[in-house]
Amino acid sequence: MSDSAAPPSLFVHRRKIVWADTDPAGIAYTGRFPNFALEAIEAWCADRLGIDWYGMHNTLGGGTPFVHLDMDFRASLRPGDALATTVALRRAGRSSLEFAVTGRLADGTVSFEGKFVCVFVEDATHTSRPIPERFAQAVAREVELAVAGA
Amino acid sequence: MSDSAAPPSLFVHRRKIVWADTDPAGIAYTGRFPNFALEAIEAWCADRLGIDWYGMHNTLGGGTPFVHLDMDFRASLRPGDALATTVALRRAGRSSLEFAVTGRLADGTVSFEGKFVCVFVEDATHTSRPIPERFAQAVAREVELAVAGA
Amino acid sequence: MSDSAAPPSLFVHRRKIVWADTDPAGIAYTGRFPNFALEAIEAWCADRLGIDWYGMHNTLGGGTPFVHLDMDFRASLRPGDALATTVALRRAGRSSLEFAVTGRLADGTVSFEGKFVCVFVEDATHTSRPIPERFAQAVAREVELAVAGA
Amino acid sequence: MSDSAAPPSLFVHRRKIVWADTDPAGIAYTGRFPNFALEAIEAWCADRLGIDWYGMHNTLGGGTPFVHLDMDFRASLRPGDALATTVALRRAGRSSLEFAVTGRLADGTVSFEGKFVCVFVEDATHTSRPIPERFAQAVAREVELAVAGA
């Protein structure tokens, strides 16, 4: 956590859609959308758990590979669009985190909704392990925020 | 169709996993997997419908944007791995195609399974349109192949 | 131009290095660096010419494809690094723009230096055309800024 | 080396240009070209040195980061184009390899030419090291091939 106070609301990741994201149809390519969502979840980790994936990989002896993702596409994105992706931790299991991500345009239009599930694993054994104790409080708070739909 | 004979089996797309696909954990990054599946579906279009996305975009007055995708990840991929992705057209609606994609390693291990749904749209109106008549026969045959689990 | 006052200094584009940018060596993949530079140049266009590549493509009947790029790599980048890329318009020909780009880490360390050359082309003829008159003033000012090493 | 016989000619890497490589102008995005060249060099390593970058990273205690690249663009690429990239090892220093890469379309048209320089480094010290002895013979032979313009 960047500070001890509870975050006031769900984490929102912002990025501009750029030329490189888009295809001959003039809109962001389908294959880019999971990356938009994953970038948002990565930034969520840094902001809400206080450590990003690279830090986990280097210092926690394991990472959080994804076991599932699904996405529904509602509105296309074009270069210059300001995408705001909200990340809600909808559920936490013994080892797993389930995120609900929603990407919105500046006017509030929903571009995509998705569910992403990752699992804490141990590098040494390549098997799942419980969510590290150090994240327990933050995880509980984020699930609460998600339930509240903050 | 590249020829008039019915394809003997489901379409399989092959690619090597390369360094650029992988992340600091030494495995293909989650965000690359939807691209592996999409590339396979794009190649399926060229092979089984006789026209790729670029050709559709340039000559058919519209494309086939995706409205949904989901993936389950079973086994990680490393640089040098030979990925074989099977594309089955599981269902065809009035305007939509639903693909089941399965990525396998050389020894048959399933790396991922996914469902991808796209819709034929008209550029002029930005609305869905029926699957073009020219694809009717190929679509019917591919659905049959998928049902047969060929 | 976003306003009528001359920009006080060279354009700087900022982005975080993310997990997806990096490879099994734990550093940003070589193939990502040209994209960092190109994103910075694209943002320069929007900020200093008042129109981005997508806008040019849609409204000016042509774009600015690159004919040359070169890069020297000085220091590696890791996830979480804050990359600041300075874009200087070092030279303007009849049709071409030559950019000097320099990527720096937060502590000022130079990560990369590069030269990128693009040419204004006409879609209808696929040949080069003079830099549009509407950009003349901005281009002159940016070249001045670059010379001054502002 | 996959076998003891000298390779008959310069290494050529083949790939199809796909929808994901291309931008709203309907051609492969500038930022993709360095990746085409790098993929070809990576495949050259596997074929001509007998080990790819991932193998080097895992077993040789170091890799071959790039210190320079430059590219000139001659002809654009479109989805479906069959790109053949020739890799010539133009020069070998104490620690460095300088590659000349040339990408050609099926009809022989040159799409791009480039120079890429990498350096063998030691992970433990992050400094350059001599080209490993195990590669000496293959490197000498490849430089000869490049000189001969085979």
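Residue numbering begins at 1 within each chain, and the chains themselves are lettered A, B, C and D in the order written.
Assume contacts are C-beta pairs under 8 Å (C-beta built on N, C-alpha and C of every residue); 3 or more make two chains touch, one makes a residue touch a chain.
Small disclaimer: the values here were computed from a predicted structure and weren't measured.
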Reference chain D; chain at largest CA-centroid distance: A
A-D or A-B, whichever has more C-beta pairs in contact: A-B
Self-contact between copies chain B and chain C, residue sets same or different by half: same
Whole-Å gap between the CA centroids of chain A and chain C: 29
Intercentroid distance (Cα basis), chain D paired with chain A, Å: 35
Rounded Å distance between chain A and chain B, as computed from the means of their C-alpha atoms: 26
Where chain D touches two or more other chains, by residue: 19-20, 22, 24-26, 31, 35, 38, 54, 79
Residues on chain D engaged by chain C in the complex (per definition of touch): 24-25, 27, 30-31, 33-35, 38, 54, 57, 63, 65-73, 76
Residue ranges of chain A in contact with chain D within the complex: 19-20, 22-26, 29, 31, 79
Chain A residues within the chain C interface of the complex: 16, 18-20, 22, 26, 35, 38-39, 42, 46, 52-55, 58, 78-80
